[in-house]
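Here it is, the structure in full.
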Amino acid sequence: MLVVMNPNAPKEHIERVREKILKLDCKPHEIFGKDNIAIAVLGNTKDIDKEDLSILPSVQHVLRVSKKYKLVSRMMKNEDTVLDLNGTTIGGKDLFIVAGPCSVEERESVLETAGQLNELGVKFFRAGAYKPRSSPYAFQGLKLKGLQYLDDVKKEFGMQIVTEVLNPRTINEVAEVADILQIGARNMQNFTLLEEAGATGKPILLKRGMSATVEDLLLSAEYIAAQNNSKIILCERGIRTFEKATRNTLDLNAIPVVKKHSHLPIVVDPSHGIGIADKVPAMALASVAAGADGLMLEVHHSPEDAWSDGFQTLNMADFKSLLDKVKQLAPIVGKELTI
Amino acid sequence: MLVVMNPNAPKEHIERVREKILKLDCKPHEIFGKDNIAIAVLGNTKDIDKEDLSILPSVQHVLRVSKKYKLVSRMMKNEDTVLDLNGTTIGGKDLFIVAGPCSVEERESVLETAGQLNELGVKFFRAGAYKPRSSPYAFQGLKLKGLQYLDDVKKEFGMQIVTEVLNPRTINEVAEVADILQIGARNMQNFTLLEEAGATGKPILLKRGMSATVEDLLLSAEYIAAQNNSKIILCERGIRTFEKATRNTLDLNAIPVVKKHSHLPIVVDPSHGIGIADKVPAMALASVAAGADGLMLEVHHSPEDAWSDGFQTLNMADFKSLLDKVKQLAPIVGKELTI
Amino acid sequence: MLVVMNPNAPKEHIERVREKILKLDCKPHEIFGKDNIAIAVLGNTKDIDKEDLSILPSVQHVLRVSKKYKLVSRMMKNEDTVLDLNGTTIGGKDLFIVAGPCSVEERESVLETAGQLNELGVKFFRAGAYKPRSSPYAFQGLKLKGLQYLDDVKKEFGMQIVTEVLNPRTINEVAEVADILQIGARNMQNFTLLEEAGATGKPILLKRGMSATVEDLLLSAEYIAAQNNSKIILCERGIRTFEKATRNTLDLNAIPVVKKHSHLPIVVDPSHGIGIADKVPAMALASVAAGADGLMLEVHHSPEDAWSDGFQTLNMADFKSLLDKVKQLAPIVGKELTI
Amino acid sequence: MLVVMNPNAPKEHIERVREKILKLDCKPHEIFGKDNIAIAVLGNTKDIDKEDLSILPSVQHVLRVSKKYKLVSRMMKNEDTVLDLNGTTIGGKDLFIVAGPCSVEERESVLETAGQLNELGVKFFRAGAYKPRSSPYAFQGLKLKGLQYLDDVKKEFGMQIVTEVLNPRTINEVAEVADILQIGARNMQNFTLLEEAGATGKPILLKRGMSATVEDLLLSAEYIAAQNNSKIILCERGIRTFEKATRNTLDLNAIPVVKKHSHLPIVVDPSHGIGIADKVPAMALASVAAGADGLMLEVHHSPEDAWSDGFQTLNMADFKSLLDKVKQLAPIVGKELTI
């Protein structure tokens, strides 16, 4: 249920709506839009009479929302959400680029890759200190040492850090270094992690699960939003189908579908999505053309030496050449690449 | 098995290779490339000794091909296949655009849509006279009358016709009007139809089946090629996945995969692929950005009046606006839209 | 639309309903059930007033059917369809067993396998004379010679023949030998083939397509039924999913779903379904337990010498041991194995 | 890598192998089988020379294992794992039955259902105190109060409890009441949860993820086994496919595949698998016929009043009737239902 109020409703009117909602055993949640103020009524709204709320002052109308998600929906907030991370915007005109190796590797290697990316103007560095791996015997990341190296990248180059958080117990140590907390595909429905990561207030990059529908993705985003954290970036990274020629099937259809139903930004990870380095640039360009707000790419100064995922990792030359094309393409779809 | 010969091998050397292959109970099939001449050895090659062929004059080397398809593979012919249809090329620099309603409708309606497309410079008109329908009670197309109207479009506007052939028994009547025979997703593995359509020598637009892998698609193309018909255009049109928000999941990953393994052109049908009109332009742009050689689009002068698939059909204004963007985007990926 | 009449309605009342339907530009199609007579109204029924039909004598009521299929639905006919093929019933209490090699092979081999199956009491022999193959270079079947050998099996052992028809042009030659025409998964939506095979009046075994929903399967069956041929046997044979450990994913869920919505019998082909011989018996037993009306199995007197699909083909000992277990299991689900 | 030793190898020989493995910077893990003792070498074994281990006394041979999972594989241990839970065995001849409502509901309701199940001889009661829900606004379970009611069931009827654990932070409180910790499909790759739940030493029922391959499932089981906890029960509960007629596609193919590659027991949850109550018995019987070691079923004394999943929940009469059929079916596949 959604209470739509005049954009210039006085504070006391908003307060009266909030109080009424609480009296009805529900929880209010406001979003201040350009054209109006929307107050979501969270909880069991089945037995609430719309009249109880619509008669309050400054209330324009009261809607029952059939979608299972509310806070992240366009119904709640029609304008695109634009995040501002120390001057870089995500979800607006600027294309957001985050690049780096799959895993944090030895210090020199990480700094080498980061340095080269920094020279290209990349402002967000990605690398996993904690790696979710199907096999318990595969390399699980450098963990604390990895976080330390990411901090070194931050200090050395002033880059912002995007890194994955796997475990509610280590959120705090990751959040100390990360500027954006990444939640991976395997954890998209790890609701404890969503809530605890959301509660940090940090921006969250939420990857779509391998068999998650777009609605599932938006519902998982709603878990974060329900923690009063609207700094959410969705990420398409490939789904599972019968096709065996690619690692996953990057589902770019998700971009216009998300854009229709949600105000949140969506970026694409074509490196995992198609999983073969020489096919990544084609899918990266397609992502931008389809309306993505950004790209997350695996890039390494020497992919053949990468500790993991080398076969899907771009080298610097190919990454630079891709950026050049993205720069040309962006204005056609109303975007800009300023790096 | 593939016999690779010098590009300037004299006719009699080629003939000796052909004769030897026939003697080995196999069938030769030549493709003349820029850098060499490749002769595929079709049939049971397991027991053939490579030496028997490699010692012949002008033979550079003999390869065993592990892929199940040969004639359509890059191994057989490294350069892109470029078709020439009365001056329009497909598979080269020019983007190929085919547009029109889902079905052939009343004469005036068809001519109206065709006329408006013609004014926009569209040279290929699509519309189904024979419609494959899941239900026997759904509209199955105007059939012969529909072909007649398509012929009228041809005569009136000089447009070339792309239309579906469903049935070996009606190939000839369709082929009289069609400039390109379309084989639909449901018939991708209707091998009789592939062979008989292929044998007409007409260009074939072959759509990927809803659960076909890219390898399956290339094998079906091989059926056509084995009829000595190399005028094949592949078409990605969406696969079946668990996602319910879209009609199908348009799989743009297929583009770079096809480009890697085959010399054939590939176009995309985003109308069926995503199946919702307001999301078609995003996917059309993404297709071109991913390297597609063209687009096949459902366009109608009045989509709300369309007899079928109106919900996924673009109107003229949206189609024109899409073409404008495609025109800007094309050069970034080495293509051009000249209409 | 469905006109439900008294079971003892006199002929002239039925005739009046038929005439009225024809006057309304539709086609009548009767099914005589135990409890009533149902007359389907096929065609564009949107503008028909139910009153026009419900006032006719002996008419109980008139229903609008929301399902896209009618003739094959339980709504049209509540009792299970039971086919009688020369004394063997399919769809009733008796379990239907059809067995044999993937392809028709050399005459002695076919007769050897058939003879051994005959000794076990198997009454239906399967083997492909025409084989649909993804690759044009794979063995496509012995064709006419294969049909001849199948005819030899028929004459020698009195077994009935189930064999695939691929091509409208060869239906007649196949139908001369076959007691049941098989339409394969790849041709499930080859509507021309469905109609022409249906029109022969022969029983049709219709396999589910690899990405067909159960509704798609029933709609394809409806194409056959609309040819006044109700002798249809549905066959589940595995769908395509992301799982790579099996050839296909045998979808036994289809059995209770079909049983709920349709009166047609459904059998299962676990050989293609799971595609690994040592796992076929488990899936065959599961099929019967789930309520299947029969099993279609690849069996060979010497699977390692089979020309195709040997890895998924049972040998005689394993087949016999499976039959023994099926015999014990059948009564638990209200069935019987009499061979 | 696997070191296979004589079954009667003296302790000091085993110790020498363990020491050598530790020296090689790896971790030893023994499984004592009937025919031999297998010691897995966990860690980076690429550079280890087999000779280093094969020359040690009592070592029969040393194998490189190509599967990514080891401890749960048949290679490591050929005999089926049979768990003993207070006298009930799982994975042996006895079929394991666990039944109960989806969620823990009001105390009286839970005790009513449990009491009726207990009278039928059911020894394991299931109900979720913590519920993973796609939407943050859906009912998330009674949590601690729910655990209390489960404890009441335990005390009142002596039934053992199977209940889901969602969160590493609440494992201990769940483990105090639960006899078997359930890890749900959404958490199958929540590796932190796998490790922490595994480390409790409690039996774990691990559900297959909705898009997990059987190999993924076994790798997740390996995470638990690597915690020295071999009390693992796998559970098939339906995967995501394109089919819309059922909630999920219950994949019974997983049973013979798991049985081939792993020694762990596997049970089936047809309630979630097909998701429609009147189709659950068919799939439950099919599961047993396919070789499942048990069934997990949603049963309620009054499904229409169930707080969640009522549409897929059996009532007592249908559950009893199903048990009767299972009892008859079990011996055919070498099992027994003793309740």
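Each chain carries a letter (A, B, C and D) given by its place in the written order, and its residues are counted from 1.
Just so it is clear, a residue touches a chain if its C-beta (ideal position, glycine included) is under 8 Å from a C-beta of that chain, and two chains touch if they have at least 3 such contacts.
Just so you know, these numbers come straight off a predicted model, no measurement behind them.
K.L.:
Quick one: which chain's Cα centre is the longest way from subunit C's?
P.N.:
Of all chains, A has its centre farthest from that of subunit C.
K.L.:
Going by the touch criterion at the top, tell me which pair is linked by more C-beta contacts: B-D or C-D.
P.N.:
By the number of C-beta pairs in contact, the winner is C-D.
K.L.:
In whole angstrom, how far does the Cα centroid of subunit C sit from the Cα centroid of subunit D?
P.N.:
That pair's centroid distance is 38 Å.
K.L.:
Calculate how many whole Å lie between the centre of subunit A and the centre of subunit D, each centre taken as the average of the chain's C-alpha atoms.
P.N.:
Between these chains, centre-to-centre, one finds 34 Å.
K.L.:
Hey, how far is the Cα centre of subunit B from the one of subunit D, in Å?
P.N.:
Their C-alpha centroids are separated by 49 Å.
K.L.:
Any chance you could list the residues of subunit A touching two or more other chains?
P.N.:
211, 239-242, 244
K.L.:
With touch defined as at the start, can you tell me which subunit C residues reach subunit A in the complex?
P.N.:
Residues in contact with subunit A: 240-242, 244.
K.L.:
Write out the stretch or stretches of subunit A touching subunit B in their complex.
P.N.:
Residues 211, 213-215, 239, 241-246, 249-253, 255-257, 259-260, 273-274, 278-279, 282-283, 285-291, 325, 328-329, 332-333 of subunit A touch subunit B in their complex.
K.L.:
So in the complex, which bits of subunit C are touching subunit B?
P.N.:
My answer: residues 42-43, 68-70, 132-137, 166-169, 186-187, 189-193, 209-211, 216, 219-220, 222-223, 226, 239-240.
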